[in-house]
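I'd like to ask some things about the structure below.
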Amino acid sequence: MQNLGIEVLFEGSNMERLLGGLLVTIEISFISIVLGTILGLFMGLLRTIELKFLRFILRLYLELFRIIPILVWLYVVYFGFTPLFDIHISGEVTSILVFSLWGAAEIGDIVRGALESMPKHQMESAKALGLSSGQIYRYILIPQAVRRMLPGSINLATRMVKTTSLVVLIGVIEVVKIGQQIIELGVIKAPSASFWVYGFIFILYFLVCYPLSIISRRFERRWQN
Amino acid sequence: MNFDWEFIVESLPLYGDAMWLTVKLAFWGTLFSLVLGLLFSVVLHYKLPVISGVIVAYVELSRNTPLLVQLFFLYYGLPKIGIHMSEVACAIVGLTFLGGSYMTEAFRSGIEAVSKSQVESGLSIGLSKVQLARYVILPQAYAISIPSLGANAIFLLKETSIVGAIALMDLMNVAKDLIGMHYKTAESLTLLVVSYLILILPLSIVLSWVERKVRYAEFGD
Amino acid sequence: MGDSRELLLEIKNLQKSYGDRKVLEGIDLRVRKGEVIVILGPSGCGKSTFLRCLNGLESVQGGEIQYLGRNLAEDQVDWREIRQHIGMVFQNYDLFPHMTVIDNILLGPLKVQKRDKTEALQQAEQLLDRVGLLDRKDAYPRQLSGGQKQRIAIVRALCMNPDIILFDEVTASLDPEMVREVLDVIQELANQGMTMIIVTHEMGFAKSVGDFIVFMDQGKICEIRAAAQFFTRPETERAQHFLDIFQYEKL
């Protein structure tokens, strides 16, 4: 049989290594989303406080993440921390730090939006029914807030998974890096390896992100009204 | 912290060149993305058989994969099956592949936002499908899409930060090289951040102004 | 309706349903040239749907719409062509927000009818003058009041030189003080002999403008009578009941 090159994916432990690399990417995303959500909930609450200075600072914080590419932040932390603070931090820690702070900014914005869009009369009519404030949160406010927040949050998760592909550029050994290693090793035996390996990684990312997109779209459609 | 100002001044031309490269890539990427978006959104709206299916598949593939992987596939993968492109071409093709889907979605939601009664009103004076699209639906749809088109353009401009990964001497690589060669980390990174601020901040301010204007106003102001 | 005037539109046993729900159940109606027919009836009786069927905006499931020797209820109808002769004005004006008043009016005459620009412009300006809005011809819709927009929408329909104009609750979204200015325009058209089918809730207007009142309920026509008679002694109990309710609301 002619050597197509696709065999490179199945040789030795290549497949396991690639999937293991994908797991690193997913881990970084997952930890960052969890940390980012916890921080973001606080940040969202803070952003509803009517204090001009506080509002300005938090808004600035969000805009800095929106205006400056995430890769720049990864570089700033990764290359900048050692000389400035005299501590060396690994690519992994850098990634989790940057992604968590980014997540906090975006989740904070989603939380703020959900809180501010909550109609006042919802609260009042709940009170008029005689619900306790615990019940109001339990049955009225939190369910509505979750509905408003969930699609955006899942969307953010998709974006974060895609963006974690950048961590290879600050030396994290993840799926793309492992792909590169496999290609380099097989450069003589399987010259077309890069086509298959990168094609495969492309599909892997799609398989992770596409379901998230679908879920987010479902929620969006179901809760539109 | 002591900034080496001399170093900064000496590095300015390097950053300038890299910014110019970024602007060029983002410009062409955005332009071609717009063209794709215009075409594809109309095809999707009229649900042309087969092509619509292909476009939906493209949009999903493009939106659910990272640009970095798209670029690596284009730059390292495609030559193995005989398709060779220069770094710049690769970057523009990659940005277009990514941006095309975002622009398609932006235009499509604009088209969908034109109300049914506008369509009926156009029909009631006897406009044909093509005339309806040309005089009633598309002009309104494009006006509605402007804020998301702007947001997409900024998104693409930010995404150009990744092209360094395929050996283009962009801002990221300039900064990285200067750090590596001269250990001027603070200066190099500051210049990097400032460069992106110079590129993106004005656009972002214009966009939020446009958004406010579009939200509160319509034609005839 | 033993009239010698030319029969423009003849509707026979028109059927319309959404799935299992019947909206129109056998509508019969004849419209002669120069007649003004007002359709009254409670909300949801199918009167707007009926009007929309006559403009091809709704498909029909049975019956006939005879117009100039053609049956518009058949599948193969060039509605583009028909709509140039049967104009329609909607409740929400639906002017095109991105075009000036004059561009709104000229879109049909220039792009659909391919008429000469100076001639169409002249007619448009004449019509605008008649409704008292010539000075607003370069304004955008958002710069106009509701009543002004609706008068422009009427001019837009008129400028196509239609045989018939359909009015679908054209004053329903207007503030009360603007209703008059729009009704006056329609009244004037009636006086000039324009053929019109009007769906409205303005009883006084219906009485003064209509030659015939068509009273509809639950997808059927209950009665067709000369306007003056309908308001003094309606034939059916349902129509009487309907009028009583309106009397109440007036008080």
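The letters A, B and C name the chains in turn, as written, and every chain counts its residues from 1.
Basically, a residue touches a chain if its C-beta (ideal position, glycine included) is under 8 Å from a C-beta of that chain, and two chains touch if they have at least 3 such contacts.
Going by UniProt, the chains are A = Polar amino acid transport system permease protein; B = Amino acid ABC transporter membrane protein 1, PAAT family; C = Amino acid ABC transporter ATP-binding protein, PAAT family.
This one's a predicted model, so the numbers in the text were calculated from it and none came from an experiment.
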item: Common touching chains of subunit C and subunit A; value: B
item: Comparison of B-C and A-B by number of C-beta pairs in contact, larger one; value: A-B
item: Furthest chain, CA centroid comparison against subunit C; value: A
item: Middle chain, criterion being Cα centroid separation; value: B
item: Averaged-CA centre spacing for the pair subunit C and subunit A, given as whole angstrom; value: 56
item: Geometric centre distance via CA averages, subunit C-subunit B, whole Å; value: 47
item: Approximate Å spacing (C-alpha centroids) for the pair subunit A, subunit B; value: 20
item: Parts of subunit C lying in touch with subunit B, wherever the complex brings them together; value: 55-57, 79-81, 83-84, 87-88, 90, 92, 94-100, 107-108, 111-113, 139-143, 156-157, 160
item: Residues of subunit A defined as touching subunit B within the complex; value: 5, 63, 66-69, 71-72, 75-76, 79-80, 82-84, 158, 162-163, 165-166, 168-169, 176, 179, 183, 191-199, 201-202, 205-206, 209-210, 213
item: Subunit B to subunit A touching residues, read off their complex; value: 1, 60-61, 63-70, 72-73, 76-78, 80-81, 158-159, 161-162, 164-165, 172, 175-176, 179, 183, 185-186, 188-189, 192-193, 196-197, 200-201, 204
item: Residues of subunit B touching subunit C in the complex; value: 117-118, 120-128, 131, 135-136, 139-140, 143, 218-220
